[in-house]
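In the two assemblies presented below, chain A is common to both, partnered first by chain B and then by chain C.
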Partner chain A sequence: MMRRVRWPHLLVLLFVLLAVFAPQISPHDPATIHPTILAPPSSAHLFGTDALGRDLFSRVLYGGRQTLGVATVAAAVALAPGLLLGVLWGIAPRPLVPSLTALFSALLAVPGLLVALVLLAVIGRGMGQIALAVGLSQIAMVAQVTRGAVVNVRDAPYIESAHAIGATPRHIIRRYVLPNIWPVVVAYAGVTFSYSVLNGAALSFLGLGELGVPDWGVILAEGRAVFNAAPWVSIFPGLAITALVFAVNALVDRML
Partner chain B sequence: MRRVLDFVLVIWLAATLAFMLLRVLPGDAISAQLALSGASRAEIEAIRDDMGLSAPLSRQYLSYIGGLLRGDMGYSLTSTLPVVEVIAPRLLPTLILALTSGVCAAVGGVLIGAACLNTGGVGRIARAVVNLSLSLPIYWTGTLAIIVFSSWLGWLPSSGTHGADRLILPVLVLSIHVMAPVARVTYANLRQIHDATFVRVARAKGLPELLILRRHILRAALGPVIAVIALQTGFLLSGAVITESVFARSGVGQLLLVSTLDRDYPVVQGIVVLSAVFYMLVNVIADWSTRLLDPRIVS
Partner chain C sequence: MAVKRSFVLCGLLCGMLLFALMGCASGDDFEPRNPIVYGLTLQPSGFDPHVHASAELGIVLRQVYDTLVYRHPQTNEIVPGLATGWTISDDGLVYTFMLREGVTFHDGTPFNAQAVAANLDRIIAPETGSQRARFMLGPYSGHNVLDTYIIQITLSERFVPLLDSLSQVYLGMASPTAFNEYSPTRYQFHQVGTGPYRFIKFTPGDEIILRRNEAYTWGPEFYDLELENTVDQITYRFFTDAATRATAIENGEAHIMGEIPPAFALTLAGTDAELLPVEVPGLPLQFMMNTARPPTDDLLVRQALIHATNRPLIVDTVYRGFSPVAWGPLSRATLHYSRAVEGTYPYDVDIARASLEAAGFEYVSGVGFVQGEDDAEPLEIIVLVPPWGGLPDVAQLMQAQWREIGVNARLVQVSGLSALRERVESGDYHLVAFDSAGFDPYVMNSFYASDGANNFTNYQNPRLDAALITAVQELSPETRRVAYAEIQQFIMGQALILPIRDYINLNATVPTIDRLMFDSYGWFPLMHNVANVAD
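On to the complex of A and B.
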């Protein structure tokens, strides 16, 4: 099936390309200190400079690598086990279902960001830790969505007929269940990525990342210290997060 | 009765998971924490005995659950006060923030969701607002709100905990964030119900459109909307952590952040259990009100 390429595809692609080719594109080194501190956007510094005189455009470009990297790892950490658990939950024998449901309700009763914070209290600070915590905190959500999709196809006639011709459970899952829940899973992967961008940057904004590794959340936090003199330091990284999440969400909407 | 059992079961499971994660996994993290603060080996041993950390895990677990039942959550590692006393003074500011924002988001979400139905410019703007606010990071809107309303216009204070004027910006920011999913579900539901048989009957009877909307459509659409509002509790609590940090409000969210950075496990554990209780309470209340509203649902 061919889909028409529209602006969300292009915008997401643009973000990925900017992140990959940040070293080639960025006009300055993101850590180099220029004499003009807190300079407003100009032709020399497209996004202006920050409190130390660093070029904000270059910092946002490099920050995108961090933010996209963290979100990609987090989404992978959430999706692989979440998908597996969701399928198992969906096909679990009837007597097991109430206790599984209670277990997942308990996991879902604590909000994702709180779970991520608790995990960070255990595993410590850092960008890798943030990616891991954001990913782990979303497993229960992914499992719930996957389970819903599995339950929807579980009693379909084609599954019944597969049973009837003697297909093994393993074969049924691989050839009948997975292909049919795939659209939901792919769309939800987009949602997971969006959440990971927002929550990953939130945690580094809150100071749980690493010094010297500025993602968009850290740049935003730096901007808060100088928002009176230089609002642009706060505006551009936030704009980047919003545009990326907006594009991914639009992509998801088109899939559903 | 089943509901009450479910409620207790989920809280117990959440408490147990928090216990396993925070007391079993970090192993001797508490001793490490004490050593960092300069305690001697003998002191650490004494404190560990005092906190019951040298007892076998099964006994620790039983005394932890027993304590929870009596409302005792152990002692904070950083202030040595009981966890309950550390959390209690923070509770009210967070509850006020969360409940006010929740109500604003519910009302705003339903209104904007209804506005999305409009086929003209109003609907287009409403739909764009919903999509945009789903993508806005709350820590960014918070900062922008401070820049515009506190710094440039000077209308409202940018930080602090007490007083109604210090509540306006945080509530505005948090409710915009929580409003979007509510609006989305309201829109989807209204669109579906718009062509339902009972609505067409009402139209065929010649009832005025506004009356149909109020008496037939809204009543049927509100059930799922209430369920979604209840599910936003998670968003609301996550958002409260960030909002409190952005606006320097001393609430539970900020306490959780500080305790995470300090690795004050007992406090973190207490807040996790409390947030699970809050989430379950909101969902039970939502369940009841859905039943009251929609006569089609029979328990």
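On to the complex of A and C.
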């Protein structure tokens, strides 16, 4: 068992711990204004300070809480209904399949980020709203992947045998379908989480989050305005997003 | 499905064809000798000066239209433009303008009193839907053409800012032949004036092209007709992303650029680019406080919020020394600005705390100021923050400063002007950030009169209303100055606003640009004299 613990596991765990214990680890309050603006990284400010003189290390730590929180909620919002719809689509009676396929294809034809933007225009700005929008925009994708997995096992000989011995559809789904699609679902949950991190950060980068609430996307956007003078303001949150997504994807790879 | 697809395809093809035709329409043999690119910062939603209200349109169209009078950019005095002289009746209700002879519009239409009359009729016609020009004419009641080159404008009440209005591009003189030929929506693509540059082409979202009017000999006194190397073609391009503007100047993609972010201006200072900061008169960047909603209905709370804000620090941090701290309802470049408001409400957290306690709030350690005895509610101030002018940064600094004394600010971002107005109409705010440009202090009226269209403070006071009206009607400049000084002090006495900084339009040019000047309104360049001298 120990052999399976590798760097992606550790890195993801590290991100989670840093996010959970941000208030204890962070050397400063993320909103406190310090006298030196755009100070380069030093022992006083590990990641330097931003354009308003706030400690960047503390902001990136607190930002992790936001970014991970938003991505977790978004992934949950995408996965729960996505799985259910995917399974139903996979076992739907044949006459219904073409219309369901057309409906999901139409939903999938619009890029997720665009759907999220439209949703935000309706439900308003805020981190909670971003999580909801990012989650909702990925439901069709989760459903499609789940349906693919269901279709793969649906016609397997062991399912036919189950039908032959008179098992009910409910029993078949619980006993035979779900356990066999589980690896795909778990792997895709990781992918959904990564997408949620990226799309959540992209939307808060665009200014659709809450002003004053640090989030990696927000810090990245703030850094862009001073990139010539202080590249570190963008580099650290950018690295954090990249490392997290990379670690989650590597973790998913190892699970497959 | 197939039908829909062919519709979309058809639409796309038509669009491409239209673009191709627009390209052909402007194709001619003109080879510019001295062309430049001018960077604009916003995509204007509409582009007709009589109809639309943006400052962006004036940056371009100030070159296309002449006005009856001009404000001299150095002395700020009203000087002749298309009118060589004017008289004002003793009661201040009739303005008689003697017009310049021998002036023609770019399409050959002669300029005369009939043309002025047609322009005035167009501006006030309800179907024009004027968003600004109509308002600038104040209590306009009609015109009277006395001779080919003499026209009278009559008012129903005295309105001293009329000449100021007539000097602005929103009341520029357009060719009646052109605006009668095209519908209002199409005219903005075919604009014709008498100015030093002709309107050649406007492709929304892409570019606007102006070319020098070689026949131009009738400019105001500060236009020098004998200059060499003057620019003969201006292509305006949009640089809506603030982070790209300084780079565009550095690599020569644009010759002149407006609204450089202060952080980038500092990096430009190390290159051979030239910075040209221009003070914009009018209402400074400020937060208007809603007096109709507790707790900002209480004067003590409003005063506490100003005392709790370290404005010099905010201005230094966000605007990097490129903006002066604002102290009152007018910025210092505005006519009749009163220095008496300077230094009022200095940053003092002790006074701020004492004011809040006097207003009935109690300080609870770890929570901040609360109101009420049993289930005490923490004091929360809702601040509406639009994205322009560095306001998101200002608001975050303010939030941090207020938190230190125990006041919680909830920052609500609004995406633009219409979202801001919508939220203001709902009444769900305590502070709202706003600014407005204008040289005459009359710009205050719509914000502080009880029935003003922009009365975001919801302050109602018959005394202030009367003072604002008297100041607009007062003919003596000295009495007017005193009246406006009293108004400015009254507004600050009531702490209706939290002024932050005087607006500075931070322009940059490549080193070859020479003789660029801006008019008294701060936003609008006067391109007639501008030269581009390559070594």
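Annotations
Just so it is clear, the second predicted complex is superposed on the first by the 253 of 256 C-alpha atoms of A that agree within 3 Å, B and C clash if a C-alpha of one lies under 4 Å from a C-alpha of the other, contacts with A are read in each partner's own complex, and residues count from 1 in each chain.
To be clear about the criterion, a residue touches a chain if its C-beta (ideal position, glycine included) is under 8 Å from a C-beta of that chain, and two chains touch if they have at least 3 such contacts.
The shown structure was predicted, so the numbers you read here are calculated from the model rather than taken from an experiment.
Of the two partner chains, chain C is the only one that A:G53 touches; chain B does not reach it. Annotation for chain A, partner touching more residues between chain B and chain C: B.
Contacts of A:I33 after superposition: chain C is touched, whereas chain B is not reached.
Looking at the shared chain after the overlay, A:S105 reaches chain B, while chain C stays out of its contact range.
In the superposition on chain A, contact of A:L88 is made with neither chain B nor chain C. Of the two partner chains placed around the shared chain by superposition, chain B and chain C are both touched by A:N228. Contacts of A:G207 after superposition: both chain B and chain C are touched. Contacts of chain A with chain B, set against its contacts with chain C after fitting on chain A, overlap at residues 125, 207, 224, 227-228. The residues of chain A lying in touch with chain C in their complex are 31-33, 37, 51-53, 125, 207, 210-212, 224-229. Touching chain A in their complex are the following residues of chain C: 242-243, 246, 261, 263-264, 266-267, 313, 317-318, 385, 387, 392-393, 395-397, 399-401, 403, 411-413. Those residues of chain A that touch chain B in the shared complex are 102-103, 105-114, 117-122, 125, 194, 198-199, 201-202, 205-208, 217, 220, 223-224, 227-228, 231, 234-235, 237-238, 241-243, 245-246, 249-250. Residues of chain B that touch chain A in their complex: 6, 9-11, 13-14, 17-18, 21-22, 25-26, 29, 131-132, 134-140, 143-144, 146-147, 151, 233-235, 237-238, 241-242, 245-246, 256-257, 259-261, 263, 265, 268, 271-272, 275-276, 279-280.
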